[in-house]
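Here chain A shows up in two complexes: once beside chain B, once beside chain C.
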Partner chain A sequence: MVDIGLFTQIVINGLLLGGIYVTIGVGFSLAFGVLEVVDFAVGEYVMVGAFMGAVLAPLFGAEGIFAIPIVLVVFFALGALIQPLIHHVTTGDRPHPLLMGLVFTFGLATFLRGSVLTIFGPNNRDVPSSLLTGGVAVPGVGTFPVVRTVTAVFGVTALVVFMYYLYRTRGGMAIRAIAEDRTNARLMGININRYQSIAYGAYAALTGSAGVFIGMTFTANPGMGLQYTAFAFFMVVLAGMGYLPGVILAGIVLGLTQSFTAVYISGNLVLLVLFAIIYLVLLVSPAGILGKGEWAT
Partner chain B sequence: MTDDVPFLDRIPGARRHWYVALGVLLIVWPIAFGNFWARIGVGALMWIGLAQSWNMIGGYAGYLDFGHGAYFGIGAFAAGIAMVQFGFPFLVGFALALVASAAISYLVAVPTLRLTGAYFAIATWAFAESMKQAALVTGITGGTFGLSLPRSPDTLIGIAVPFEIGETFFYYAMLLLCLATMALTYYLFERHEFGYRVKALRDDQDAAESLGIDTTRVKRQVYVLSCVVAAVFGSVHAWYIVYIHPNDVLAPIITDRMVIMALLGGLGTLTGPVAGGLLVFLLERLSSVFLGSTTFYLPLIGTLIMVTVLFAPSGIIGILRGEVDRDDVRKNVRELGEKFDLL
Partner chain C sequence: MTRKHKDRRTFLKSVGGTATAVGLAGCAGLGGGSGRDYFKLGAVTSLSGDLRFGGEVTQRGYDLWADTINEEQGGIEIGGETYEVQIEYADAQSNPSTGADAASEMINDGADAILGPYSSNVTLAVCPIMDQNSMPHITGSAESPQIWQEGYEYSFGTIPTVSIIGNEAASALLNLEPQPDSVYITAVNEPFSVATGDSMQAAAEEAGITVENYEQFPRDTDYTNVVSAAQNADPDLHLHGGHIGSHVNLVNAAEQLGYNPDGFLMHYGVNTGSYKDGAGAQAPYTFGATVWIPGVDREGGVLFDSPQAYADASQSAYDTAPDYTQAGSTAAGIVFQEAFKELGAAPPLSQDDKDELIGILEEIEVNTFYGDVAFETGGEYHHNNINTQPLLIQLGEDGSPTIVGPEESATGEANYPVPAWDER
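Showing the complex of A and B:
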């Protein structure tokens, strides 16, 4: 017997969570499109973002949400500085550029995880937000937890701003041109290095600030990064490589899967269920559930 | 007659004195330096072997396997389950580890080896995580309680053996396994036709296919081989540390270490994993002994990886062999500087 009230509550929680996953997925997908490298450090950006929230919150009277602007700026700078390094290892006359790109971001992930683990120890930290506790009950529908709602609103807003930049400005056009064809973009006089740095910086900023919200919703832990790396891959695989609208659907599927598994099966088995889905999608439909992406091989 | 030639001169190679000295050192190590250094030796040899097992699939075949640690855990649990749940001697558990890891790795190989690059990496990582979750919820692995293995003389072959099963025994066991892994790698990947097929597959799969190489078959062979080697070390490790828990022997950090060791040393080289394994293992040990921090080596190693990939993609071995010299680094730095073109 399925409890309808509980069911709609799970749907609400899952959808709200999906909002923040979408921002991670879109950034990750763009970083892949522009840089042609799959970033293993994505989950560690989420993790570092969450820890920055935990550290900065006391400065603002235990309000993690006010840390967001600082996180955005810091991560944009970090990303803009890291991108040339990644570009360097994936170009030039070195053997196996894709492998080297993966390895470099793997080293970066190890560095970030190790640093946080050494500085903060292995325990959980809270990202406090007294403003955002509790929930708003909507009669006949369910309760909207404030943290998750604000998270989803931020996620959607960030996404809209980002998409506006990408599709309505010259800079965004340059970035899309690079993603389309790097050589031709250079022939058109686009400064590849600069726009790649901007794209990667924007991606890092989106991911890091998503981390603050994830830290508020759940908790900050030095080992949490890997899970979000897997989530990012999950979304791209599900969406189909390079197909941005698919990412939105994939993020929602991810949020719903997570909240349904946690309630009806077990919180410990969320990852297992996700992996089963990834496996199936990769094997049955390598171009994503909508079949519109590039083949994932 | 060759009998007239001194023993030393009969060993091939220009650096034969060093080889002999190294051999003697490896043999007398646990006797000469005592239990503490024997323990360090056991760890170093095991990690060199594991790094080499990852190097087979990751370095020679070019498939970044981020779930390799799972086979270490599968080997450990195969031996543990045989000894604890069924009361078999260790050698039966060892055989079981071989069979179980070969069977499981083949089943994993069939779907996942269709993927490449990051997709293969994440699919194998997902597999490893699933194995850990599964081990935590099943009864036969001891679940969240783990397994305590017996370590008495009669658990080796079922009857009492006339030597002590302690630090020294495990040192020689690991030495034997590590040397066997090295010899196997040398023969299969550096001397045998198999190695050429694997490298052809890594460098260009389509070209390899057009030369008549059954790439699917070769991929599976390398994968199963490397997984079985990891499981062998896992089973001996389980018996050595006596207590195994899914959170220890199936931890993602085990895979990470293997990957890092092979990478730092030099991918797809025979001696790379030895250099990388020693460096990483000693860094980890020394940082925990001298700095009292068990995690400080991680950022250190992350930095090392990034610097290595940026300036010396062929790893420590590449630097030692002189493949990377000062001019290369200078050129590298200049090219890198040109890419910082922000505003």
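Showing the complex of A and C:
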């Protein structure tokens, strides 16, 4: 007999967990769609963002959420600086540009993780925010943890903003043109380097900010990145490579699958079930659940 | 042609000569030669990977022993000569197979003895290597009972198995008033944490308390689901086996969902800085298990005069308060030091010396700041030191631990039932 109270709570948990994944998946999908870079450093941006939140929170009266504007600016600048390096190793005469990008970002991830370990040590760090503590209990439905709800809202809002920028502005049109065909975009007078830097900067800013939220939800730990890198890959494959609107559905599928498997089957089988879903999607619909992404080849 | 042959011969001779010289030098460097004037200990621990926090704790413990004896006594005295201690580390990367490789490398490197890993799963991989190579090995960490049940001849441990620590700490908690009717038990699915969960389950069943559920899950699970299931069962107490990251995630999810049992018991590490820094406002009132804290009532000991003297030395050297794993690691070094003295053989130790050392370790009794160390011989705790008294501690508002059980060892009253999250 299924307990209705527990069932609805698991649905809430799954949806909000999906919201957390959306915050990471949006930027990752954007970076892949526009720059064609499979960024292995995505999880480490989350981790560095969480540590920045832990460091900056005391400056704002132990309210990590106020650190987010600073993290947005710093990570945008960082991303805009890193993108030309990625562009350099993935273009020109180099063979296997996708692999070169993967190796470069893998090195970047190792560097970031090592740097944080050296500076902060292996300890966990709290990212405090008294404004986002506790949960809101809705009678007959369940409890909505405040920090997770705000994180999910942040992720969905970011997605809507990106969608608006991409489909309703000239800058967005330029980025889509670059994603479609770089050579033709250049011939149309689009400054490719500039727009790629903007896209990668926006991705880094969003991912770093997601890190602050994730730090507030869980904790900041130097080893946390790899998990989020894996989930970002899951998201992009499920959503369809480079297809932004699919990210929300992918996040929901991942979150709900994880929650229901953990409670009603076994926590030990969560990854097995998730991988099984990924394999099935790759076999049946390589362009993602909605069939609108690039083919995973 | 002749000249060419001669050149080639000369070349081959010089290459051969160089190779031989390098080989001999290598052997000498590996400690295979005689005349080394220091004790060389290998230490295999997790300096990277998920368990690097604990790896660094053991490293601090081993280093504090070596640095103290070298600085204060010039090393270990054997037959009127003093020999410094040098520890060489190998990174197990929190991975059992890497740990086993690292252990083999240490043995081939000519170590006199080995100081053990942090985690149980790496230790379980390292112990067979020690037996195969007849290498004395003491671990200052690793609490899974499996390690001692296997009956390894060359491995010893200064910290009691968690089947004792977890059981006695849980029993002390279950005896607090008002006595609980039910518990919910969770554990991360790894050898140490499962052993911890098992010991807590045994304690609850011995006390006649209902175990609502005993759930195991992987380290990176989402804890809202764990908490939701527990909240639905509405237990009086929540007992959890895991490492520090899992404790932090559990209390954070409990706070977010308003899950308020009368108390949380976590093992291992609630009195470490990592737990307090990670859990932040959620850390106070957490119950934990330990076998040693600086405030424990004990006097005297080899190398360090008291628990507080040891804590001061740690604070001075590393700017951090030691926990029982660090203390147990230092105690492992002290036990080797006393055993080396009793053996009376100068380094490097021969295989006969190492075999004799095992007999000495089986008989040894050492009075340390950490407690009296003596190893069991035979039974399910073979070569484990089970003399140290497990304690139930609780974190106060400021994060400092107080011993609240068992009754005869308590230094303060437990704050129990603990306040609900929104009343703190």
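One rule holds in what follows: the second predicted complex is superposed on the first by the 280 of 297 C-alpha atoms of A that agree within 3 Å, B and C clash if a C-alpha of one lies under 4 Å from a C-alpha of the other, contacts with A are read in each partner's own complex, and residues count from 1 in each chain.
Heads up, the rule we're going with is that a contact is a pair of C-beta atoms (placed from the backbone, for glycine too) under 8 Å apart; a residue touches a chain by one contact, two chains touch by 3 or more.
This structure is a prediction, so every number in the text was calculated from the model and none was measured.
Student: Which term applies to chain B and chain C once both are placed on chain A by superposition, clash or fit?
Tutor: These partners clash in the superposed model.
Student: Just chain B (first), just chain C (second), both, or neither: which does A:L99 touch?
Tutor: A:L99 sits against chain B, while chain C stays out of touch.
Student: Applying the touch criterion given at the start, work out whether A:G171 contacts chain B, chain C, both or neither, answering first, second, both or neither.
Tutor: So A:G171 meets neither chain B nor chain C here.
Student: Please work out whether A:G107 is in contact with chain B alone, chain C alone, both, or neither, and reply first, second, both or neither.
Tutor: Only chain B; A:G107 stays clear of chain C.
Student: If you stack the two complexes on chain A, which partner ends up touching A:L6: first (chain B), second (chain C), both, or neither?
Tutor: Touch partner of A:L6: chain C, not chain B.
Student: Let me test your reading of the model: by the given contact rule, A:V237 touches which partner, first (chain B), second (chain C), both or neither?
Tutor: first
Student: State whether A:L271 touches chain B only (first), chain C only (second), both chains, or neither.
Tutor: both
Student: Of the candidate stretches 62-70, 80-88 or 116-124, which in chain C collides with chain B after aligning the structures?
Tutor: Answer for the clashing stretch of chain C: 116-124.
Student: On chain A, what residues does chain B touch that chain C touches as well?
Tutor: Chain A residues touching both partners: 117, 122, 268, 271.
Student: Along chain C, where are the residues that touch chain A in the complex?
Tutor: 48-50, 52-53, 55-56, 189, 215-218, 220-222, 224-226, 228-229, 231-232, 244-245, 248-249, 252-253, 255-258, 273-275, 277-281, 421-422
Student: Show me the residue ranges of chain A that touch chain C in the complex, using the header's touch definition.
Tutor: Going by the criterion above, the answer is residues 3, 5-6, 9-10, 13, 16-17, 117, 121-126, 128, 130, 133-135, 137, 143, 145-148, 217-221, 223, 227, 258-259, 262-263, 266-268, 270-271.
Student: Going by the contact rule at the top, pick out the chain B residues touching chain A in the complex.
Tutor: The touching residues are 62, 64, 111, 114-119, 121-123, 125-127, 129-130, 133-134, 136-137, 202, 252, 256, 259-260, 263, 267, 293, 295-306, 308-310, 313, 332, 335-336, 338-343.
Student: Can you name the residues of chain A that touch chain B in the complex?
Tutor: Touching chain B from chain A are residues 38, 40, 80-81, 84-85, 87-89, 92, 94-96, 98-100, 102-104, 106-115, 117-118, 122, 191, 193-194, 197, 226, 229-230, 233, 237, 268-269, 271-272, 274-275, 278-279, 282-283, 296-297.
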